[in-house]
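One chain, subunit A, links the two complexes that follow: it is found with subunit B in the first and with subunit C in the second.
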Partner chain A sequence: MFYFELLVAGLVQGAMYAMMALGLTLIYGLLRILHIAHAAVFTLGGYVGVLAANSGLPLAAAAALAVLAAAAAGPVVYGTVYRPLLDKPPYVALIASIGLLIAMEDGFRLLFGPYGLSFAENPWFVSGPDLGGIFLNWVQIALGLSALVAIAGLGLFAVGSRTGVAWRATVDDPEIAMSFGVSPERVRLLAFALASALAGLAGFLVGLLNNLIEPGMGNITSYKGLAIVVLGGLGNVPGTLWASLLLGVAESFGTIYLDRILDRDAIAFFILVVVLMWRPQGLARGR
Partner chain B sequence: MATRRLVTGLLLGTATVLAGAWIPGAGAAESIRIGFHAPLTGFAAGDGKSARLGAELAVEQINAAGGVLGRPLELVTYDDQAKPDQAVPVANKLLGEGIRAAISGSYSGATRAAAAVFQQAKMPYLSAYAIHPDITRTGEYVFRTASMGEVQGRGGAKLIGEILGRKKVVLITLDNDFGQSLARGFKEKAGDFGIEILNEYTYSIKQRQFGAIVASVKRDAPEAIYASGYFFTAGPLVSQLRAGGVRATIVGQEGYDSQNFIDIAKAAAEGVLITTALDRDSDRPEVRTFIEAFEKKAGFPADMVAASTYAAVQVLAQAFERAGGTDGAAVREALAGTRDFPTAIGPITFNALGEIYKPIQVQVVKDGRFRRYAVIDDPVLLAPPAE
Partner chain C sequence: MLELDRISVARGELRVVRDLALELPPGEMVALLGPNGAGKSSTIMAIAGHVPVVAGEIRLDGRRIDRLAAPERTRLGLGLVPEGRRIFADLTVRENLVVGGYLLPRAEAEAREREVTALFPRLRERRQQRAGTLSGGEQQMLAIARALMVRPRLLLVDELSLGLMPAVVDLCFAVLQRLCREEGLACLLVEQNTQKVLSVADRVTVLSAGRTVWQGSAAAARADEALIDRMLGLEAG
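Coming up: the complex of A and B.
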């Protein structure tokens, strides 16, 4: 029972990581950019959501607003930060991304104060089904479901739809794709919008789970997202999912059994180092 | 030709301004500068803001009442982000700005680092709320207006084992200077009060998700939980414990002492007990004036951090008065000789190490606010080290 609860806690955490990492892996797959600043839209989703909810909107509406705000911010980030740097070496974009994350974190602190914001009413957190002694609240269930839906949706989209195929073409060969009438620019904007929407939703849900939206809440998740993306095989969607869940569960058990030896956040990077030494291409077969 | 005139004009102008700055203003009393460092940005910015407001309030009130020795106090504030590697350059910077004493409004890691710098410069230095034991051991110029971590931990053991009568306890410890010193003190005295420690779990300050710890606590089924943390970790921890079905009494410490904790945990915060320094139900005038004035200035209820920095400024001001001046050695003597000086966190008397004995205020969250629950006045149990 106890181990099962640890597993469930780990899977919920893994679902959160998956939603962040999916966006990261999408963007890497398309642009070969490690989008560290992804955490900024995660936090943005949290802030927009809590402000909307506290001004009287029902939680579902607040969630929708959070997702929309994040989805709008993503392409803006692409347009202002990445597009001008596309022809430069990749580390330039990486550094710009880190700089943006730091700037936005402090921007949130300046705008919304250092104490963090809390939801005035948090009905999804305080209620949930009693699954035979395991108390899962609706926020955790929403996180798990969102991650599953997102992954299934993206999987189908990439394989089944015309736009999805166009995406993959843009990665493999942008010029040929263009000659088929696919606009790489539109594909990229769409990718950023989608990835950011997922991150915004994750930020909102995590904010509900902690009942605390803080300026720095995205940091560790973003760096871990990076570790997950590398573990899962850069650009590999199913690999990213497995890596996320694996990490969530490893952290869950590690918190209890390894807490004297290794800080919980260090577990992610420790695993990353070990796995990469053994299999430099990551866990799953790369594309 | 025009350029030469412009340059000459600029040089003359600058020289005049500089000369003017050298001449002491006629009639204006020179202020006494007090160095102050706190985490104004970074993860601890919440406490940094409270600390700054508490110190500023004290300075405003003292200056409005005529200042110290007829001179106004001036706070020279810098941000240390609660990081030791920031605190050291900040301390050095303050030393170069003509300060007569310094106060730490920051956490233990940063305070320990800065203490070494101030002690070496023989600059009187007060730690407002940082509780690691090594801070005062740095030297005779370092004082502390807070109860040390170990002392609070011992108080926590008495609260749980004797006052509440709970014997099976789980510890959830924040693994930094603060949490570890609290846990040490608790474990030291737990046996004396018949407490059996079922398990101890540690977590890092960045943690907000405690699913694994909640599952483990449920399995342990304790009667009480002694959990250290700050409001931004304790809030999520407590709400997740309650949401997970854990009904045991939760006892925290002054890290919880902020309205933010209650805002985050909401209904889950009801009934949580904390050992702290600020008694919201105190009828002492110096405490009441602080509580009321702070809420008016800040717009939110007072917390332990603000009360502590406020008290530190008060203690420093009376030391200047009693020393009759701002000479470092004289001020240090005056600080060491402080006896029963009334402050917002109780009467202050320093021992030979620069530590204080203070009864511990036990507060409980009732109807969304902190209220008095008990006072632990035990000079033997809560005696600070004298060396």
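Coming up: the complex of A and C.
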């Protein structure tokens, strides 16, 4: 039972990583940009959520606001930072992205203080259903469910709608897709909106889980997200999902068996280094 | 239908086509021949709107199109079968056709999909197959079918025969000839396979180093062995 609990906790953590890494890999697939500042959008979701909740809104409404704010921020980030740099070499956008992350992090610090904010009330954290001996709180349930719904929804959208098909065609060959009337610009804006909505929701839920929203909360998650998208094969969506779950579970067991030698957060990077030495192209094929 | 009025085409700083003049009436097939680097593909991509025209005009049904964006030209009735086919390898056959018909209303696109797959029954069998796993010939059929989705009146076809079995090449050309005859489709064909294209085309334009070196009927080109030798000789050099 103990191992099963560890597995479930690991899968929940992996679901959270998936919500972050999915956006990174979708954006990489379209633009060949490693969107480091995704972490700041994650943090933005946390701040909008905690401010809304502490002003008296119910948690579900706060979550919706966090998602909306993040979904709006993504296209703005694309339009102001990445679009002007599209015809520059990819490292220019990468450096701009790092700069944006630092700027947003310090912005949060200036606006809301360096020590972070906590939820005045956190009912989802302190209660949860008893699932036959395994205890998960409502935040963990929400994380797992959100990831499932988001992944299933994106999957259906990608194969079942004309817009989804047009999106995949744009990833494949933007010039030819454009000539058939697909607007690459609209696809990019949509990708940033969806990816950022997921990151914002993840930020809000992680904030609830730690009962703390602080300016640098996205950093470690973001670095792990990068490790995951590299392991999963850059731009490879199924590979990214597998790598997310794998990392969540590895960390979960690692905290029990490796805690004398490796910190929880070091596990991702340890795996990354080992895998890259053995398979520089990642575990799965990239784009 | 299509008029190229002394166009010049540039790739970066380099002018790769100069003063090319060509007329293509409905129902006709014109072959654009010449050695590698003669500017044939650049001409096709310039007509389709992917490479800039730096001088001259391109007109479609009398309307100037050389300043329009590529999708606008598609909307006006221009279809492109690009060099290397460039099908969407990660999409299924059906999804490739969905993108081909993206400018059409959904119901019309679905009806049109049935029509184009009737031209290539092999594609209908492979509807749900990932396009990247198709054979070369099937990929070429898909590239043609995808371009036909919007019912183009002018089809630009770049290197249809490259790397394909002769039987498949014959099948594709037979479909194009039928569309020219029955629906008045105009085709501009870029080809290395000189012999084959001379047997299907009505007229021929030969480019060398971006300049037009010969224009005439395909029958005249077939009759003039020396001309063909010269073209093939250029290809070898």
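Here, the second predicted complex is superposed on the first by the 284 of 287 C-alpha atoms of A that agree within 3 Å, B and C clash if a C-alpha of one lies under 4 Å from a C-alpha of the other, contacts with A are read in each partner's own complex, and residues count from 1 in each chain.
As a working rule, a contact is a pair of C-beta atoms (placed from the backbone, for glycine too) under 8 Å apart; a residue touches a chain by one contact, two chains touch by 3 or more.
Quantities reported herein were computed from a predicted structural model and do not represent experimental measurements.
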Subunit B versus subunit C as contact partner of A:G23, first or second or both or neither: neither
First (subunit B), second (subunit C), both or neither touched by A:G235: neither
Subunit B versus subunit C as contact partner of A:F135, first or second or both or neither: first
First (subunit B), second (subunit C), both or neither touched by A:P184: neither
Touching partner for A:F253 - first (subunit B), second (subunit C), both, neither: first
Greater subunit A contact set [subunit C / subunit B]: B
Touched partner set for A:N122, first subunit B, second subunit C, both or neither: first
Partner chain in contact with A:G218 - subunit B first, subunit C second, else both or neither: neither
Set of subunit A residues, in rising order, touched by both subunit B and subunit C: none
Contacting residues of subunit A [partner subunit C, same complex]: 159, 162, 165-166, 168-169, 171-173, 175-182
Subunit C to subunit A touching residues, read off their complex: 48-50, 70-71, 73-75, 80, 82, 86, 88-91, 95-96, 98-103, 106, 146, 149-150
Touching residues on subunit A, where the partner in the complex is subunit B: 1-2, 5-6, 8-10, 12-13, 106, 109, 113-116, 118, 122, 125-126, 135, 137, 206, 209-212, 214, 216-217, 220, 251-253, 255-256, 259-260, 263-265
Subunit B residues touching subunit A - in the complex, by the definition given at the top: 40-41, 43, 45-46, 48-49, 175, 201-204, 206-209, 211-216, 218-219, 232, 235-236, 239, 243-245, 260, 263-267
